[in-house]
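There are two complexes below, and they share chain A, which is joined by chain B in the first and by chain C in the second.
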Partner chain A sequence: MKRLLAVFSVFLFLLLSLPVHAGVPMDTVQANVDKVIEVLRDPKLKAESAKETKKERLRHIYDDMFDQVELSRRALAQNWNKLNLAQREEFVNLFRQMLEKTYIDQILAYVDEKVVFDREVQLSGTQTEIQTIVVTSSKKIPVFYRVILKGGGWKVYDVVIENVSMVSNYRTQFNDILAKNTPEQMLEILRKKVKGQ
Partner chain B sequence: MKKYAMETTVGVFFFVGLLLIGIMTVKLGHVSFFGEKTYPLSARFTSVTGLRVGSPVYMFGIEVGRVERLTMDQKDRKAAVELQINQGIKVYDDAIATIKTEGLIGDKYLRIDPGGAGELLTPGGTITETQPDLDIGDLIGKYAFGDVKK
Partner chain C sequence: MKVLSEKQIRDPYTMKWFRHSVLLLFLLIQGFGCAHGPHSGSSSASSGGPPPYEEVVVASSPDPIPPDSPAVSPESEGGKTDNVSDSPAPLASPEIPSNSDNMNLDYVEEEKAPEKADIADPLEPFNRAMYNFNDKLYFWVLKPVARGYGKVVPEVARIGVRNFFSNIASPIRIVNCVLQAKFVGAVKELGRFAINTVWGIGGLMDLASDNAVNLPKQDADFGQTLGVYGLGQGFYIHWPILGPSSPRDTVGMIGDAFLHPFTYFNETRVLYVWIGIKVVETVNTTSLSIGDYESLKDAAVDPYVAFRDAYVQYRLNKVKTGGGKPAPSGTGGAISPAITEVRPSGSTEDEE
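So, the complex of A and B:
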């Protein structure tokens, strides 16, 4: 009887501890954002010569934090099915490089902004929205990270700034491009953009 | 015989009149006798400013449904919108629902980009990617006045 009670209470305890995962998405995002800020604040990397090292470190954190394939798939949506496997692979790669070229300077321009982790909102069984506020000297900018549970970990698949989604923004643009170009032509446009800009 | 003919005529006219009123009601009032087949979907927004029950849902510029219900989730601080989408319109789980304004200051409507690289949403499914309407006033205020200190 006692043994049965012990087994039962252990079982109950395990059941009760299941909801703990609710805090994991925010913790995951927070840990990554902290790493980014650490790199941006590192006095040893302040020099112009250390810029490439800084970028390399940030790239590493980005790869850990973001699910580039999910992000790319959502940016193309129905058009994703128009690309063959090789094209998809190249698109994922080019898109990542294009995002880097577009945003790296703004990120490196970090001065001392604070990132406040506000709340975590569940969007679905495997998707959560982490709401943060970036506090600059003059304004408060809401930045939401949408994360998806894949392979046991939470990865970012969209960033929503001032209620405007990055995926939505790029989806509109890629839709326009693919309405007038073939997938191969779109890839060529991206190749040129990544090389040239 | 004549009396009956008169009454019959009046009766027929009256019946035709009622029928016409019925058809007008269906056409103008969006009331459907045969139940335009629709299925429910839901979406949650941080704000649904101006969206009303009955507001249209557009996809590629074509009306594909209506807003059925608006409820509030105070815990998560979101507005939950229940939609009725016409049968046959496919919406996937990577769909994006955005609230837009007709023109600059017109009526609000919901626009759905159906997505297509994910799973098909079944009746009762939820569109997770949503965007509220752009609050131009807010944005201008934030970025115009924010620069005063610089």
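So, the complex of A and C:
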């Protein structure tokens, strides 16, 4: 019976080409969070001099974990369609640098938090929300990762912290900027921001 | 496929089989159709077709790209600097390499797009000035004071102070729960108040939130009550000192001030007492979250808009979910309620 079930599921897998299983998205996010903790725990990276190596490793995890193009497209929404390919590429690149910086700084400020993986909520066939709670010594912060299935892997395209969606937040900001500026001027603002960091 | 006679078709079992095979065939065709998306390119079928989301995008994009289009190196594309304010450039040109990370796909609104959290901001110049004022106030006054206070008072005590203020404000939450017809919430909050006041040493300890008792705080305020009644935010106001608000939430704040027990005994001095409470509470809260404001500000392109949007999203969610557990943004239910814990390094990573 078990084998039949296995054969059947493999068959279904091949047939539908939609590897959606309960738990896989959460496992993916959790694996990445584990990797982050591993970097923070690594005794070889304890020294102040190893900070750059540590950042480099974290940057690597970030790139693995996030779908930067999806994130950028959603952050710009309708405005994305007004950018030409070169502008899109530059935007994705600048936005990535900005978020990497934010994300890494946030993680390095990580002291004694505990991450509780609460549950998975399916948003659509290819989108899932992983609800986690970051427990610090003084408070509990709900942090939800929204992941999308792409090319066989689950990638984060939005992070919702205390019910505030990061992508929506950036969308409002870019909308506001693009209401008064051209895409090129917006890119210039971003260039300055990344340089100033 | 087997040819079916009329009799067989009429037979209910055969009908079922027939329908199933048609369905399977349909799915198969769909599966193959998927494999032609721009994402899979020349990769083998075992890697799986692209998810439906992309399919939708491709279908609605005006000029779908064939997977075997001639490749162009991204460098040559990146080097181009087109005129900026031009109308949409020829984005979906066939020269785009199929592995360009979907950069060429247009944005398409999702069907189940979440409710837009938007707010009118007719007072923007005033609000921006007030935001800048508060920003300076934070860095020049609040942060140094909270830091000093945090150095003197140990964290456990500060958490106790926070719990005390939270507990004493319980009547606000009870009344608003009742006003929002959340009677279970009101009873829970009443239970919390009793437990924490009696067993938690006058509210210094939040025993009710412990897993054993499991009576979490019922976030309810008058601004939220008005929202539940259907009143919108109106427009954005960034008050000096008090920060992000709106006409609705300002009325809410005043209403809640009158419900605060400290103001009961001294009706003529409601304002002063309330200010006093707020100052102590704010310094205490800030001491427990130094760095939060800074990192949010650093992450923003336009901090003023970022905080405005965060406030609007946060308040909208409070009204929608009634301050309880955040509602799942999709329609589907929870798949796996498994709880896993990840503990980072114990007492490492001390920055100071």
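Note that the second predicted complex is superposed on the first by the 176 of 197 C-alpha atoms of A that agree within 3 Å, B and C clash if a C-alpha of one lies under 4 Å from a C-alpha of the other, contacts with A are read in each partner's own complex, and residues count from 1 in each chain.
The definition used in the following text is that a contact is a pair of C-beta atoms (placed from the backbone, for glycine too) under 8 Å apart; a residue touches a chain by one contact, two chains touch by 3 or more.
Computed from a prediction, not measured in an experiment: that's the story for all the values here.
On the superposed chain A, the two partners chain B and chain C do not both fit; they clash. Legend: residue contacts after superposition of the two complexes on their common chain; A:V121 is shown touching both chain B and chain C.
Number of chain A residues touched is higher for C, counting chain B against chain C. In the superposition on chain A, contact is made by A:A86 with chain C only, not with chain B.
By the document's definition of touching, both partners, chain B and chain C, reach A:K139. Using the contact criterion defined above for the overlaid structures, shared-chain residue A:R74 touches chain B and also reaches chain C. Applying the stated contact rule after C-alpha superposition, one finds that A:T182 touches chain C and leaves chain B untouched. Once the two complexes are overlaid on the shared chain, A:N163 sits against chain B and chain C alike. Residue contacts after overlaying the shared chain place A:L149 against chain C, while chain B stays out of touching range. The single stretch of chain C with clashing C-alpha atoms against chain B, selected from 200-208, 272-280, 290-298 or 308-316, is 308-316.
Once both structures are placed on chain A, chain A residues 73-74, 76-78, 80-81, 121-124, 127, 137-139, 160, 162-165, 168 are touched by chain B and, in the other complex, by chain C. Residues of chain C touching chain A in their complex: 24, 27-28, 31, 34-35, 39, 45-54, 74, 77-82, 84-86, 88-91, 96, 101-107, 109, 112, 114, 117-118, 155, 158-159, 162, 288-289, 291, 295, 298-302, 305-306, 308-310, 313-314, 317-318, 321, 326, 328-351. Remark: chain A residues 14-19, 22-23, 26, 30, 33-34, 37, 40-41, 46, 69-70, 73-74, 76-78, 80-90, 92, 98-99, 102, 105-106, 108-129, 137-139, 142, 144, 148-152, 160, 162-165, 168-170, 172-174, 176-177, 182-185, 189-190, 193, 197 touch chain C in the complex.
Chain A makes touch with chain B in their complex at residues 73-74, 76-81, 121-124, 127, 137-139, 146, 158, 160, 162-165, 167-168, 171. Considering their complex, residues 44, 46, 76-78, 92, 94, 96, 98, 113-118, 126, 128-129, 131-132, 134, 139, 142-143, 146-150 of chain B touch chain A.
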